[in-house]
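Letters A, B, C, D, E, F, G, H, I and J mark the chains in the order given here, with residues in each chain numbered from 1 onward.
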Amino acid sequence: MISSRDEVTKMILSAKVLKGIKWADVAREIGLSKEWTTAGCLGQMTFDKKQAEQLGKLFGLSDEAVAWLQVVPQKGSLDTAVPTDPLIYRWYELVNVYGTTIKELIHEEFGDGIMSAIDFSMDIQRENDPKGDRVNVVLSGKFLPYKQY
Amino acid sequence: MISSRDEVTKMILSAKVLKGIKWADVAREIGLSKEWTTAGCLGQMTFDKKQAEQLGKLFGLSDEAVAWLQVVPQKGSLDTAVPTDPLIYRWYELVNVYGTTIKELIHEEFGDGIMSAIDFSMDIQRENDPKGDRVNVVLSGKFLPYKQY
Amino acid sequence: MISSRDEVTKMILSAKVLKGIKWADVAREIGLSKEWTTAGCLGQMTFDKKQAEQLGKLFGLSDEAVAWLQVVPQKGSLDTAVPTDPLIYRWYELVNVYGTTIKELIHEEFGDGIMSAIDFSMDIQRENDPKGDRVNVVLSGKFLPYKQY
Amino acid sequence: MISSRDEVTKMILSAKVLKGIKWADVAREIGLSKEWTTAGCLGQMTFDKKQAEQLGKLFGLSDEAVAWLQVVPQKGSLDTAVPTDPLIYRWYELVNVYGTTIKELIHEEFGDGIMSAIDFSMDIQRENDPKGDRVNVVLSGKFLPYKQY
Amino acid sequence: MISSRDEVTKMILSAKVLKGIKWADVAREIGLSKEWTTAGCLGQMTFDKKQAEQLGKLFGLSDEAVAWLQVVPQKGSLDTAVPTDPLIYRWYELVNVYGTTIKELIHEEFGDGIMSAIDFSMDIQRENDPKGDRVNVVLSGKFLPYKQY
Amino acid sequence: MISSRDEVTKMILSAKVLKGIKWADVAREIGLSKEWTTAGCLGQMTFDKKQAEQLGKLFGLSDEAVAWLQVVPQKGSLDTAVPTDPLIYRWYELVNVYGTTIKELIHEEFGDGIMSAIDFSMDIQRENDPKGDRVNVVLSGKFLPYKQY
Amino acid sequence: MISSRDEVTKMILSAKVLKGIKWADVAREIGLSKEWTTAGCLGQMTFDKKQAEQLGKLFGLSDEAVAWLQVVPQKGSLDTAVPTDPLIYRWYELVNVYGTTIKELIHEEFGDGIMSAIDFSMDIQRENDPKGDRVNVVLSGKFLPYKQY
Amino acid sequence: MISSRDEVTKMILSAKVLKGIKWADVAREIGLSKEWTTAGCLGQMTFDKKQAEQLGKLFGLSDEAVAWLQVVPQKGSLDTAVPTDPLIYRWYELVNVYGTTIKELIHEEFGDGIMSAIDFSMDIQRENDPKGDRVNVVLSGKFLPYKQY
Amino acid sequence: MISSRDEVTKMILSAKVLKGIKWADVAREIGLSKEWTTAGCLGQMTFDKKQAEQLGKLFGLSDEAVAWLQVVPQKGSLDTAVPTDPLIYRWYELVNVYGTTIKELIHEEFGDGIMSAIDFSMDIQRENDPKGDRVNVVLSGKFLPYKQY
Amino acid sequence: MISSRDEVTKMILSAKVLKGIKWADVAREIGLSKEWTTAGCLGQMTFDKKQAEQLGKLFGLSDEAVAWLQVVPQKGSLDTAVPTDPLIYRWYELVNVYGTTIKELIHEEFGDGIMSAIDFSMDIQRENDPKGDRVNVVLSGKFLPYKQY
């Protein structure tokens, strides 16, 4: 009996390590970006029937697990409000150090509103650099204005 | 008597509103990106003597305030661990929803380590889009590997 | 020297009590809904120049305060993560008790996504009822779907 | 041995996904609104004997689970004080941004007191809109005045 | 300039100590119970015009402070979620130790619902006892049932 | 193997629902008030040998469970510092809204000290009322004075 | 205008440093133990009229401050739930490491109940020791049993 | 497979209740104070081989559990930062109310430094008293001075 | 099925106690420092294939567990934000007491930037001392400067 | 009127920036290490009369401020339990990632006990390195064993 998406995420992680599967290959298989695919496998996004079945085959999941992949999950991947993992913490630190800066600059350009985290995409790439390779991340989110009523 | 950078940040914000100054203009004036400049004016970064004096003129700051702009500040711009402002929260949500995804993909590409938040730059641009303009953000951080010893 | 919108909010609240001004009248004066107007006066929304000047006259604000009303504020009106005021707490309780219900029903109807809190309006009305009058609130928010990429 | 309502909620969720049951159909079956029905199935409300037995048949529950559906549950559906799921968070954000506004307007109309979260109903509907469909929510709660003694 | 009820509470407490006023006398003066009166003076309840003016005379308050006494305050008298003062903590401990007991017994007697904290009164009395006097407190709150819809 | 009182509480709750036992009947059976009895069954109080054995029969507990009922438990029945269940929250709200009032009035009557939560009893009764029945609760706690040394 | 005991505590601390007063001398002057006297001066206990006036002379306090010393204060001397000062933290650590031990041993000796923190005294002494002097603390608190009702 | 000391603590507690063992007897058996012995059995201290084997016999532990008793444990016996159990809370309250007092008096006697919680002993005794027996606790900790360098 | 590194850490700890293995010996076996080796075994670092297999033999791990040792783990070894174990707490206390000092001195020497916790090594040694042996720890971290852009 | 050491710290910081004083020079002046001196100036340590007077001259402090420098301060230099400043956070991260490692290795070498944070010294040095200079920190703390009693 599966009663939450978390259990499916654990099955996927377990199979991934056991079989040595790569996220990039999973993404290619189901025809989506590696960012969306990974987020979905980690329990943050919803797959359609065909994608879920492909994932089921790749990771050796039961039909019940495949059904859960098509259900909107309870989102949020951090264990604590402030993340403890150094890689994830650096992102939290960026929000902490640059948070008010981002706010000021978006408002200066667009007025009052937000950058959507829903109508949103992310692309993570290696950037070769002789002084040490860099992680290059492009975030694109629709601007949503507050409108008076 | 000024005893913390926060007081200087308040002076800058007060002058900015009163005089209607724009961050982009400040950046142009001192010859740095608008992201770094704004972060510095909001108390997160350190200016050199010449930059600090230029800012002093722009915002009408005292010599004491100008001296403080050259001192490394106590960083962190959020009032609470989880930000309450909707624009800043969306960024926290990205870290929350995509945190483990970012971690998995950087590790898959680079191995164990982090994306630096120090050897780092950020570029925020408007992306025109007929379905609604988008905020486009490019983050570039050096990959720093954990090394065995 | 004003260095944050909070100070303007305090000036407005002080004048409101001293002069016995009603939010409904303020709204009528500037031609916006009472919900938006009140939220703006309480430091959550941004007014345009004309509206800000009208508010300046109504509440007897300085030019500097009027300038601040046109600047996007740092949002969030609760002192603590869990509100202590009984009226506001009841709303938090609704989110607590009905949160997963709302999530399930919106997803069942619309698929994965959210109800926008930005492209959003609220209307609060008295509903006469012989068993005791009721507060009737209509919330309307655009559905924003997560899209695969 | 079942020792808390949570266990029954998990059984219901598990059966729902496995059998592809819809909340709207469950509600129709037992003759209650979809909001109340869903909240009850998610462990927030109490069913009477007949309703519980109907749910037992629909979800294939044991007699013990059916007995638990008739017991008043320990309420509260959020894992953390500030919700991490983006859809539920938007509601928390509304309370955060509009909390003091709601308080001011209800007091201006009704005097001191609260909008009941107990003598309360909620109706969630799709509102067709050419610019993108909207979620329309009507909340109705009895006003309860503080009385002097 | 007064911008919150807290400031009026401080004025009242200051005058109370300076003039050696007793809460019981204040209550008698304005014709309300000592519990409601004290709660109001401590910034938790709202007075009508006549009561506020009487309090103004008793405590030597300005007209502005008297106006604030008639405005619904932001409620909540604890500095921290768990109170640190030993007397108040004992009450928190009662809720902690007996919380589930109270819940079970009220539900057993009344079904699902709550004991109102709004349609509510409290009476605190000394109970003489040869083994040491006791504090006797009577709480009376209307039962509010959850109703299906 | 039982290693904490919590496990016994779960056995009791499970048996209670399965057998449809009422707390009032349990109390009558063992000759204690329903408040103390319920608190004990919910893991907050200690029973003597005879009472524990009676409870063992009523709920069908093992000898090991009966032994645990006679051991002083780790007390505290709330899952979180601020309770999420609406009925229990109302009590927390009373402490929050009336906390400083209770403190002031007890000190005014008795001087510095506390109302004991140990030498304490509670009585919960239904109070019939044509406008809606009320929950009537009498709390009685010994006053314990701070003494100088 | 003094509106809380904290302000008087600050006056006392300020005068103490300026005049180089010792707590032991203050205690001798007013005829109480140094533990009670210090706790009182730090805003945790209440003095009678004569003691307060003596303190007023010693520390050069105004009549208003002397009046506040006779009012029961809001207690609790820690800034955070977990103390940051190393000396005070060691005491918190004792409670953390030995908390369950103390509980077990008092219950084994006395049955269910608590050691009073109100009917309580504390004596702190230097204990000479060739391996390094020790701090010797004697705590004495009345045992208060839970009684069935 | 045992993977933490907690599991051994649970085995000990389970055996203690089942066999009706007293801490004082355990202490006598292994020749240590009842305070140290209890703390060790509750997972806060480390036993040597001989003591661990004696405890193994007394509580009927496996060899693996006996091995764990000789491993330095992860210390800290409270579930939450602020304890919820009334007996343990009273100790936290003492630290809260008397914390700054203890700090002032130790510094006045010894200068800057701390009272060690490591080079430390505790003795808990019953003190007969006609007005009600008292818990008498003697704490002895080495004073450790901060030294300049 | 293993679904997180934590499970492998538990297996290692269990085997270590059962077999009486020492960290220093493990480190020698795989040819890394004892600090890195221990951190890796406790689930904070990543081993290469050969090292993981050696550890697998030493601790008797399954192939699946050995595979997990080569996967970058979710880092962070504290259960709570503020550690409760006295040994680990002392390190937190150092950060608390000396945090701003370390910041000032590194900035004074190097300018704005940080000491890396990634390009970092640690060496823990016993330092013999007639007054009591000392723990000597050398930390070495690359200085990473903030650069303007 | 100065009522806490914090106020003196602010005076020192203000003078330091205004006069461009370096910590290393202050240390040389008063003949202590730069680490102790800085910690003392930042309000964490206590100076003797002569040192305090020297600091008074250097920073231009009043006699009252000089007196406060000789009083043991309330220690702890972090604003929040988890530091937000990137440089200080890296140290917290070290405790988080390496905390259990440090614990294991010190216990393996010394048995049960702690590394003192009181009988402790710290030395921060620049280490030249062609791949980028490093911050080299040596920590030395006395090992304090737990002893049975």
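Odds and ends about this structure:
Heads up, the rule we're going with is that a contact is a pair of C-beta atoms (placed from the backbone, for glycine too) under 8 Å apart; a residue touches a chain by one contact, two chains touch by 3 or more.
Here's who's who by UniProt: A, B, C, D, E, F, G, H, I, J = Cyanate hydratase.
Because the structure is predicted, anything quoted here is derived from the model rather than measured.
Of all chains in the assembly, those touching chain B (Cyanate hydratase) and also chain D (Cyanate hydratase) are A, C.
Each step here moves to a touching chain, and the least such steps from chain C (Cyanate hydratase) to chain G (Cyanate hydratase) number 2.
Comparing the contact residues of chain C (Cyanate hydratase) and chain F (Cyanate hydratase) by number shows a mostly shared set, over half of all numbers used being common to the two copies.
Chain I (Cyanate hydratase) maps onto chain J (Cyanate hydratase) through a rotation of 180 degrees [Cα fit, steps of 5, range 0 to 180]. Centroids built from CA atoms put chain J (Cyanate hydratase) at 31 Å from chain H (Cyanate hydratase). Each chain gets a centre from the mean of its Cα atoms; for chain F (Cyanate hydratase) and chain I (Cyanate hydratase), those two points are 46 Å apart.
Averaged Cα coordinates give chain A (Cyanate hydratase) a centre that lies 28 Å from the centre of chain I (Cyanate hydratase). One simple way to say how far apart two chains are is to compare their mean CA positions; for chain F (Cyanate hydratase) and chain J (Cyanate hydratase) this gives 48 Å. In chain G (Cyanate hydratase), the residues that touch at least two other chains are 35, 74-76, 78, 81-82, 84-86, 93, 96-97, 100, 103, 107, 113-114, 116-118, 144. All chain pairs that touch, listed by label, are A-B, A-C, A-D, A-I, A-J, B-C, B-D, B-I, B-J, C-D, C-E, C-F, D-E, D-F, E-F, E-G, E-H, F-G, F-H, G-H, G-I, G-J, H-I, H-J, I-J. Of all the residues in chain C (Cyanate hydratase), the ones that touch chain A (Cyanate hydratase) in their complex are 32-33, 35-36, 45-46, 72, 74, 100, 103, 107, 111-114, 116, 118-119, 121, 144-149. Note for the complex: chain C (Cyanate hydratase) touches chain D (Cyanate hydratase) at residues 22-24, 34-35, 38-39, 42, 44, 75-78, 81-83, 85-88, 90-110, 113-117, 120, 122, 124, 126-127, 129, 131-144. Those residues of chain H (Cyanate hydratase) lying in contact with chain F (Cyanate hydratase) across their complex are 10-11, 13-14, 17-18, 20, 79-80, 82, 84-86. Across the complex, chain F (Cyanate hydratase) meets chain C (Cyanate hydratase) through its residues 82, 84, 86, 89, 93, 96-97. Touching chain H (Cyanate hydratase) in their complex are the following residues of chain F (Cyanate hydratase): 1-4, 64, 67-68, 71, 74-76, 78, 81, 117-118.
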